[in-house]
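Below is one structure, written out as structure tokens, with a few remarks after it.
Order of writing sets the chain letters: A, B, C and D. Residues in each chain are counted from 1.
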Amino acid sequence: MTVHDPIDVEVIRKDFPLLTRTVHDRPIVYLDSASSSLQPRQVLAAMDHYYETTHANVHRGVYATAEGATELYEGARRKVGRFIGAPDPKREIVFTKNATEALNLVANSWGRSNLAKGDVVVLTEMEHHANLVPWLMLAESIGLSLRYLPIDGQGRLDLSDLDRIVDGAKVVALSAMSNVLGTINPVPTIAEAAHRAGAVVVVDGAQSVPHLPTNVTTLGADFLAFSAHKMEGPTGIGVLWGRAELLAAMPPFLGGGGMILDVSLEGFTPAEPPWRFEAGTPPIAEAVGLAAAVDYLTGVGMEHIVAHERLITTYAIEALHERLGPDCTIFGPPPGGDRGGVLSLAYRDVHAHDLAQVLDQFGVCVRPGHHCAKPLMRKLGVTATARASIGLYNDERDIDTLIEGLNHVGTVFG
Amino acid sequence: MTVHDPIDVEVIRKDFPLLTRTVHDRPIVYLDSASSSLQPRQVLAAMDHYYETTHANVHRGVYATAEGATELYEGARRKVGRFIGAPDPKREIVFTKNATEALNLVANSWGRSNLAKGDVVVLTEMEHHANLVPWLMLAESIGLSLRYLPIDGQGRLDLSDLDRIVDGAKVVALSAMSNVLGTINPVPTIAEAAHRAGAVVVVDGAQSVPHLPTNVTTLGADFLAFSAHKMEGPTGIGVLWGRAELLAAMPPFLGGGGMILDVSLEGFTPAEPPWRFEAGTPPIAEAVGLAAAVDYLTGVGMEHIVAHERLITTYAIEALHERLGPDCTIFGPPPGGDRGGVLSLAYRDVHAHDLAQVLDQFGVCVRPGHHCAKPLMRKLGVTATARASIGLYNDERDIDTLIEGLNHVGTVFG
Amino acid sequence: MPGLEDLYREIILDHYRSPRNRGELPSPPAHRVEGFNPLCGDEVVVSLDVADGQLRDIKLAGSGCSISQSSGSLMSAAVKGKPIDEVRELIRVFKTMMSVHEASLGDDRTTGAEDSPAEPEPVDVSKLGELAALQGVVKFPVRIKCATLSWNALTQGLDELASA
Amino acid sequence: MPGLEDLYREIILDHYRSPRNRGELPSPPAHRVEGFNPLCGDEVVVSLDVADGQLRDIKLAGSGCSISQSSGSLMSAAVKGKPIDEVRELIRVFKTMMSVHEASLGDDRTTGAEDSPAEPEPVDVSKLGELAALQGVVKFPVRIKCATLSWNALTQGLDELASA
């Protein structure tokens, strides 16, 4: 059966200037979108245009460019909100510096005002440090009891004990898609159990929002965090979506300009959400860039992106198995509906660092390391993997070059 | 006496694309650099070049672009460190999202680990909310005693009681230059008294670093915070400089990837500074842009910038007095060595908002409001001022247009 | 490009120079509400004397720009002595005129077609009397918050009284 | 553009495949130090048996890439049985070869002339014996941290013993 690829990769690739560069005299093969995606020229043009025609600080100016900048910034907020199906985009989208700050904001602001000693927080064994360390820090500070949803042999969450694990929990915080295993977690199922148990559901969407159509309501999330730089947007901006009622009841996180209603030498009154959580000059140009990235992704179509990436992921898994056989291990689930385009690889007993080094000679960009998921690495029994991850601009030839490089690893390390 | 202007404004202005735009059919007159400066094309080009040739996540890749991105990012750290005379640029510069986050970092990380109930923190009556609200929040949380250095009738700090006020203080936190009054504070003198009293000195350099040559050692600072977007750099990045020994003893602020040495399901070990304080993907392109801004400012020469801006500031103050007489009030000190280019204006009894609205019709960008310094506004007996602030690209004609606009205010509100 | 004359109509400047119903009512018995515009520092204090479903008296204090002051003054003149449901209806019509998007500051109209929300319902400006002079404010989105400051405080006051 | 042969010299691959002095010494009496490379997850455990100013025995455990493993193995072979000051001197020479900038990862050489620090002192590679094979690592800045991992742990161990 041939599956139709809804994306014309040749056309898409023309939008990404970095893909025209060569590395060690070979065309670059970018397989590190899970770390950070590339940016299309439309995103760069939107930011340049902003700086060249409309830059000004937001929210406090009446002159034309200040008004224009404010409109662009608040327009970006609404656009991002609609992109994830937020019921009230204007009030529920908080711009942060990255997904990590968004998760810290939840742990600190919501956490410190709603959790007390002994309260149970449920995480999973596959969490990124961004959705782990903030809770560990909070646990150290106020004394939480942390529980973990385990993973099974194929890198899926083992839900056989779900109800018992979430029982009595105040928070269930989990990644919608693993940045190591590519597993797309059944967030709606887990959220339902969590809500039945009375817990608030915090979803780390850093990997899912760029690659899957997202609707916070069907997801069952109470909070959702993600980063622009993984979804064809710029560095320097992330997003926290939170349910309006929850945000409204939360104390500020950082203090400063823009997040207050009034300040005296004795105290202050915070502003309404989302501004309450945006202290200081926000990432204005970055919000403009993120809005352009959302337009870009929407223009291509998230459904098409899913289909294309699934095609390439399946091709990659099958080709790696066929051409490298038992020399190559791929962590995570087999191809299928819950399999995203993140391939953590091992090749014989060669260390991930060495794999990535050899692959670099072929222009292939893969990332070696623990991928900020050290507990998961321990569980998998490795210290590092070499991770190839797929974006909308990747095609079968990229996978072929990856395999060519892996074959050469065999030659070097014989 | 004619004073020589070391800057050729016509040449400088060519670098700033936004200055070619018109507003209401008039050339834009940008007098809002204290809110956010404009960006020269060199800064935009550096960021575009980065995205188009070298973008990758930092610190965890071995492939060519990841290595290049890491070098650019760490190179920016060193360049910024040298720009402010940091003794150990590599280890003492923390990139944050803005000056506000930098000050929150100090209040939270250093503050929570070094301050206890009843401890004295000294601020000034002219602080920006960014250097006020974080301390108010900390005071609310752990119970601090806040004292304020008062201002005198000319908008200078009144130091007659300095030793008594800082006596017993653990922290003295102050702005090096007021964003409302333009006052350049005698930080070295205050820092000396603070250090004699055993206090740590936190300097808000958001207004001073863009406009004055800065050396953290001669300043006597223990911490210094500032933002790129006020110094011809991009939005989305700020800087905290801290003395190496202080940073080394501080706990992390935000938790996540990049700031850890090790993580297990039970706890974590933080990395060394500065990385300990940079959780998640940092503002990489923004660091590249900030480095280009530092190059730009250094290329023009900070000494030249000071001289030029002083010239325009003096011209402005004198021309406003001469041409508008008692109709126009300028808050802050008279022209002189401690007078920066921030002019908070009142015109008759017309509200700042209306002033700015009329000025907008002349293409003049000034900012009305409390400038995130509500306590200072109360002290000055106003709810808002219209603030015209000067950058290296402003000249006498900009001031003339400002005055033309103010004259028209008289006509409208007659 | 809207000109200043759209904003600074003669009625507005008149109410700015000579605000009606200026001051505070003793509270209690009057109900007192404060409003801030965090963006520009404008403050308003609205005192309400409500009895028998009627807004018997209203006074405004505080300080702000010509738009926030004149809007408050125009509002006080329009609502004073009116039954509460008439007041509520006037608030609704006025806020519709102000396009209901003021909370976001930058409103949808200006950010391109695909960003546009459903068209706001047309407003019967004739109901508004002198208040119609504030219509020009809509062309200056940043000033909408100024125009609605005292109206929001009034709404809050009525809500508090209703739920007390 | 440096090629892989600069990095993966034969000696390095040999020490990677057959690491010398592998394991741990019972501690106490041996001194035990752990090193992490947070960037890639490499871990090393160095056990030191020091007495009478002499590094009597050394063993290395942990896991990591070919560079960190072979560097550790080469180091152990070079320092085992040596007087402490000779060990310290070897560390100094080795770290100079590694260009002392490893802490910053991106090092100054590559970011333009005005960024360059003072030239590092020239290294007498002849002192290094087989360790000279690691010279090629300098061309791969990201890998310098791998090469110095066990050396930093050794330094820390000696420092701890010296101040104990």
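By definition in this document, a contact is a pair of C-beta atoms (placed from the backbone, for glycine too) under 8 Å apart; a residue touches a chain by one contact, two chains touch by 3 or more.
The structure presented is a predicted model; accordingly, all values stated were derived computationally and were not measured.
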- [ ] List every chain that touches both chain C and chain D.
- [x] A, B
Task: Far-end chain from chain A, centres as C-alpha averages - done: C
TODO: Calculate how many whole Å lie between the centre of chain A and the centre of chain C, each centre taken as the average of the chain's C-alpha atoms.
DONE: 43
Task: Separation of mean Cα positions, chain C and chain B [Å, integer] - done: 36
Open item on the list: Can you work out the whole-Å distance between the CA centroids of chain A and chain B?
Closed with: 31
Open item on the list: Residues of chain D that contact two or more other chains, please.
Closed with: 39-40, 140, 143
Open item on the list: Residues of chain A that contact two or more other chains, please.
Closed with: 24, 60-62, 66, 260, 262, 353, 357, 368-369, 374
Open item on the list: Using the touch definition from the top, list the residues of chain A that touch chain C in their complex.
Closed with: 59-62, 66-67, 70-75, 77-79, 90-91, 260-262, 269, 271
Task: Parts of chain C lying in touch with chain A, wherever the complex brings them together - done: 36, 38-40, 103-108, 110-112, 115, 140-143
Open item on the list: Per the contact definition, I'd like the list of chain C residues that touch chain B in the complex.
Closed with: 1, 3-4, 7-8, 13, 39-43, 63-69, 140, 143, 146
Open item on the list: If we count contacts the way the header does, which residues on chain A are in touch with chain D in the complex?
Closed with: 24-25, 350-354, 357-358, 361, 368-370, 374, 377, 383-384, 412-413
- [ ] Sort out for me which residues of chain B touch chain A in the complex.
- [x] 17-18, 21, 23-24, 28, 32, 35-36, 38-39, 44, 47-48, 51-57, 60-66, 96-101, 103-104, 107, 125, 128-130, 132-134, 136-137, 140, 146, 148, 227, 229, 234-238, 252, 254-260, 262-268, 279-286, 353, 356-357, 359-360, 364-369, 371-372, 374-375, 378
